[in-house]
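Okay, so chain A shows up in both of these, paired with chain B first and chain C after.
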Partner chain A sequence: MNRVALGRSIPWTLVVFLIAVWVPALGSRYDTFLGTQIAIDALFVVSLNLLLGTTGLVSFGHAAYFGIGAYACGILMKTYGVPFVIAFPAAALIAAFFALIFGFFCVRLSALYFAMLTLAFAQIVWAICFKWNAVTGGDEGLPNIPYPKLDWISSLPGLGDLSIADEFYLLTILMVALSFAILRQVIRSPFGRMLTTIRDNPERAAFIGLNVRAYELAAFVVAGGFAGLAGALYGIFNRGAFADYVFWSKSAEVLIMTILGGINYFWGPPVGAFALVWLNQEITSYTQYWPFVLGVVLLVLLFGFPGGIVGGLVAGYERLRRMLRPRHA
Partner chain B sequence: MTPLLAVEDIHTAYGLSRVLFGVSLEIAAGECVCLLGRNGVGKTTTMRSIMGLTPPSRGRVLWQGRDIAGWAPHRVARTGIGFVPEDRRIFAELTVWENLDVAGRAAGRRSRWTVEAVFELFPVLRALRDRRGGFLSGGEQQMLTIARTLMGNPDLLLLDEPSEGLAPLVVETLRVKIGELKTQGLTILLAEQGVDFSLALADRVYVLEKGAIRFSGAAAELRADKALLHRLLSF
Partner chain C sequence: MRVRHVLALACAACVLAVLPAFAEGTIKIGFPIPLSGPAALYGVPILKGAQMAVADLNAKGGVLGRKLELLPRDSKASADEAVRLARELIIKDNADFLAGTLTSAEAPAVSTIAKENKIVFIAPSAKTASLTAPANLHPYIFRFASNTTTEGQAGAIIMSKWKDIKKVATIAPDYAYGRDAIASFVAEIKKLRPDIAIVDQQWPKLGEPDFTAFITAQMSKQPDAVFCDLYGGDFVTFVKQAMPLGYFTAIHNRLADGGEVGAVDVTEPLGANYPFGIWSDAYDPVIWPGHEPAAHKAWVQEMKDSLKSPYGSGWAIQGYSVILALAAGIEKAGSTNSDKVSKALVGLTFDTPAGKRSFNANHDADTGEFWGEMVKDPKYPFAIIKDPTYYNPEPVAVTD
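== the complex of A and B ==
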């Protein structure tokens, strides 16, 4: 019970946001760059965890909706000159729309077959992005997505002169924080509880009258939409949308981050994203064998802390609390 | 009068292993009917067939005159059949209240059962309102499963071995509670191995053996004829 109290009594999204706001002022330009990357990945993994941790669905193709979001936002802004305020939500809607179509077929299958079909759809999306030169730029990608107009951020009182990268960082963490707040509500709502019953036991959920497929599809669409938002931010951040965003290795990366952080906690996957991005930066500066180190780290974590980093931290905290508590209490 | 539920000659198999060989039974509104039989004779499979969890390959399941064989489980649940499975597993991650709330919403039909009303029936659960399902005792879980099923406002309750694995005192409480539901007019199909438990509650009895009905008659008849009982259910 205390575990629940510990997590719920603190508005973590607000706390983390208020800390993150200081990065451009206190850190280097490179810190801001890493921060943007981590914030975007954090949104991407939290969207995936709505499927993995909350509903119990393993998607191997979540990068599809991330990539669709990046391309949709990029194409709208670059090719059609649509302003960011419209292109950004549109990217989420377009990604959600594709999630609806693909998900319609995926939720008809279970477990491994579900996972394989999500992968198959993602690879189809990748092939289209890679080949459809006229729209996506093919293997060249879609470079030079314009930055949104963000001068207004600098004109806010107390912020002073900010670089474009700083402005975009602040915009990113604001969007991610808002998305977190929404997803948190979704998970705590009766709808979220329904998803939990499906993860617990889909058959049992069905015979209490729940239309399991419909709820799984709804979760798939919401997760796809938010992945699309993350993708839209990522496209602008990297000044372009590329077919790599949709490739299966991207789907694997986001799964690794999610599991690394811990799927049973809302903040698990973002911690995993933070750890992976940070480790990647640190380790590649010492050795070129980053994948080897990553593999070892993952092995140790999976065997040592099956609940991920956050799961391990919570377990450690519980043990400490029990040790400090007098025996007769 | 058409019975509330009529199962007509159903054959059910799990893959290649056939379990039911032409089971037929009828339940009239307000009745408490017991499905007796030893372990593995097809009691659970009969219930799973009715519920749509393991659809029969042949035969009909008539619910208020309509054939529902082959319907998806959630549709069967919504038409008014509540299933309390043998493993009596609740949603372990959710609290008692959340378990009930979820069931009330999932059913999607107006219910005379509110959380308050099921707490009236099972006062134990009221005290455990915010306890997570995984932390309940076996008897408490069984009561929560029944309470959860009631939240779906069933017209027919399928109870699969409710007394299994419970302490005698808990079994007695459960018997009283099921009796109360019966008095309130709920139709009940009870699958049991425990003869005393079921004969105390049932109006009529079907005895299953090797996937077929071997006997059907009034519970009183079986209660009175110990020799017959022994012959049918020699353990």
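== the complex of A and C ==
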């Protein structure tokens, strides 16, 4: 018990951030790109896990808010020349606004029907992005989203001359770390505890006077907003927003990352994101039969670690500790 | 014994895996293209074509005395994956050039990365006019594909010769590609034949499983002829549903389709159910009755062997030609520096199995398509293009 408490007292977000800061200095240019992608995906999966792990809501359409964030930020920055400092939070607000509208209907349904309705709304968003040529660029997407002005990062003392990709990486990990800190507080707050209560026993939560739908809707909006932030970063990182970002396969991918890493731990989904991005890039550069290899690896991981990678590691650590502990204790 | 065999195999595998690393001094061409999912239908033959070109050039001693090396990657037909691969190929694998991508989302996305890294990128199949539109044009993007403007204009030129038609309808997939091609067709037909009226326009969605409503709605307007831009699997579904409803009989098979449904890739699966008598096109007719260039004949045989398919594909030529174009550019520049190769490619004329092509000042190749009436031929169990004729309505005249 003490050990677990000790693990919890470590400010993991700060630790990981301080390690990640060194990637541009120590790694290759490609590592920086990979790091940026993993950081963005990590934020995306943590926002989903607020629904999945904390509140017990299975969303099959979380990519909708990611995509809305990407398009909102991209359109503001490219079409209207709005600076990043305004476009970035605006993307989160717009994504959260759509999450509020869609969520209003979704939380009225339970379990499977909730999942199906989230998927339906996501596909509606996809159809709009795919067809509204004048605004979203239709199937061609919205290429050439500009990088934000980041010269100020290089002018910070001790950083020296950085490439724009390095600067954007640093901005990304800073934004992701701040978001993690906020989400962590949300989950630990009384509000977060109520969400967990709803997950474990919704009838009882209603019985003790909680407005279950309102809490679920609030979680849905917060999750949508942070997914929008992740999408905004992703659009700039990929230099474009595309209808693929909203397609159901993206929602499935982020669900796989979350479950692969472990939904019962805050750091489970980011580990899943790291694993999937890394696996994908390693396998696709060696074989074009990547779906087969990836499928087998995922199958083994999911069977071998039923609680996800982090769940499996924690269980293994506990077993090891019990084995090493003297019997009489 | 067995253990030793396994060890020997393992060693051999290690050596093979390390070999490419020793192949120093090769000119590396990154090639992201869809190799899984429905888009692989086009991606695989394009890649095979590119691999054939690399093998052919290397057999002749390579380019500037250096061998070419193709680095194919599965882009999964997704723009963000194509961007990730393009970055990986440039930064990690040190690709000197990029070629490939299939869809109209992948190509502009990779174009941005090519611009950022100052690496020449040639797209073999993306038709969207916006790829090389002034706002998006930069020194490193080149396109070796027809575009939606050319496609619509070619259809209009063909239809303008059907003297007795007055009422024309259109049907095309409801997204940028279909909308742009139809817009170009309508503009051109109004110019060529002011007497023609557009009586109906249908916009089924991409991948529509049931065209019945669109077919009956169109038939109720009694058009004399139809310009269609459905392609691939959508065209196959459309034909299977339109035939029993008497759609083709009603318009006397006067339909022109600019979506390469004259390619063997589509005619073969439809077989005897093909609406014979319609007009369509292909980048490569493959089966070329009439005046087939000698170079093409030999090339098609090689292509069929390489694809291990008795009738080959109408798309392999795009991959093959892109590599030839790049090689010609490197040869002329005398360097693999992308800035020099980019300058060399503008205005460059080079040979392809289907004739000479060149890049114009707008970085577009003057690639048109081979059009013709789709007819029965006793030698083949499917429709072929009768007397394939090269249509390239854009100003640069090319014949061979």
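Following the convention adopted for this analysis, the second predicted complex is superposed on the first by the 324 of 329 C-alpha atoms of A that agree within 3 Å, B and C clash if a C-alpha of one lies under 4 Å from a C-alpha of the other, contacts with A are read in each partner's own complex, and residues count from 1 in each chain.
Everything that follows uses one rule, which is that contacts are C-beta pairs under 8 Å (C-beta built on N, C-alpha and C of every residue); 3 or more make two chains touch, one makes a residue touch a chain.
Computed from a prediction, not measured in an experiment: that's the story for all the values here.
Contacts of A:88 after superposition on the shared chain: neither chain B nor chain C is touched. By the touch criterion defined above, A:180 lies against neither chain B nor chain C after alignment on the C-alpha atoms of chain A.
By the touch criterion defined above, A:243 lies against chain C but remains apart from chain B after alignment on the C-alpha atoms of chain A. The wider contact with chain A, measured as residues touched, comes from C rather than the other of chain B and chain C. Look at A:201: by the touch rule set out above, it reaches chain B but stays clear of chain C.
By the touch criterion defined above, A:226 lies against neither chain B nor chain C after alignment on the C-alpha atoms of chain A. By the touch criterion defined above, A:131 lies against chain C but remains apart from chain B after alignment on the C-alpha atoms of chain A.
Of the two partner chains, chain B is the only one touched by A:212; chain C is not. Chain B meets chain A in the complex at residues 51, 53, 72-74, 76-78, 83, 85, 89, 91-94, 98, 101-103, 105-109, 148-149, 151-152. Contact residues of chain A toward chain C in the complex are 28-30, 33, 37, 130-131, 133, 137-141, 143-144, 234, 238-240, 242-245, 281, 284-285, 288, 290-291. Residue ranges of chain A in contact with chain B, taken from their complex: 190, 193-194, 196-197, 199-201, 203-212. Here chain C touches chain A in the complex through residues 35-36, 72-74, 78-80, 83-85, 87-88, 91-93, 103-105, 108-109, 111-113, 116, 128, 130, 136, 174-177, 179, going by the rule given at the top.
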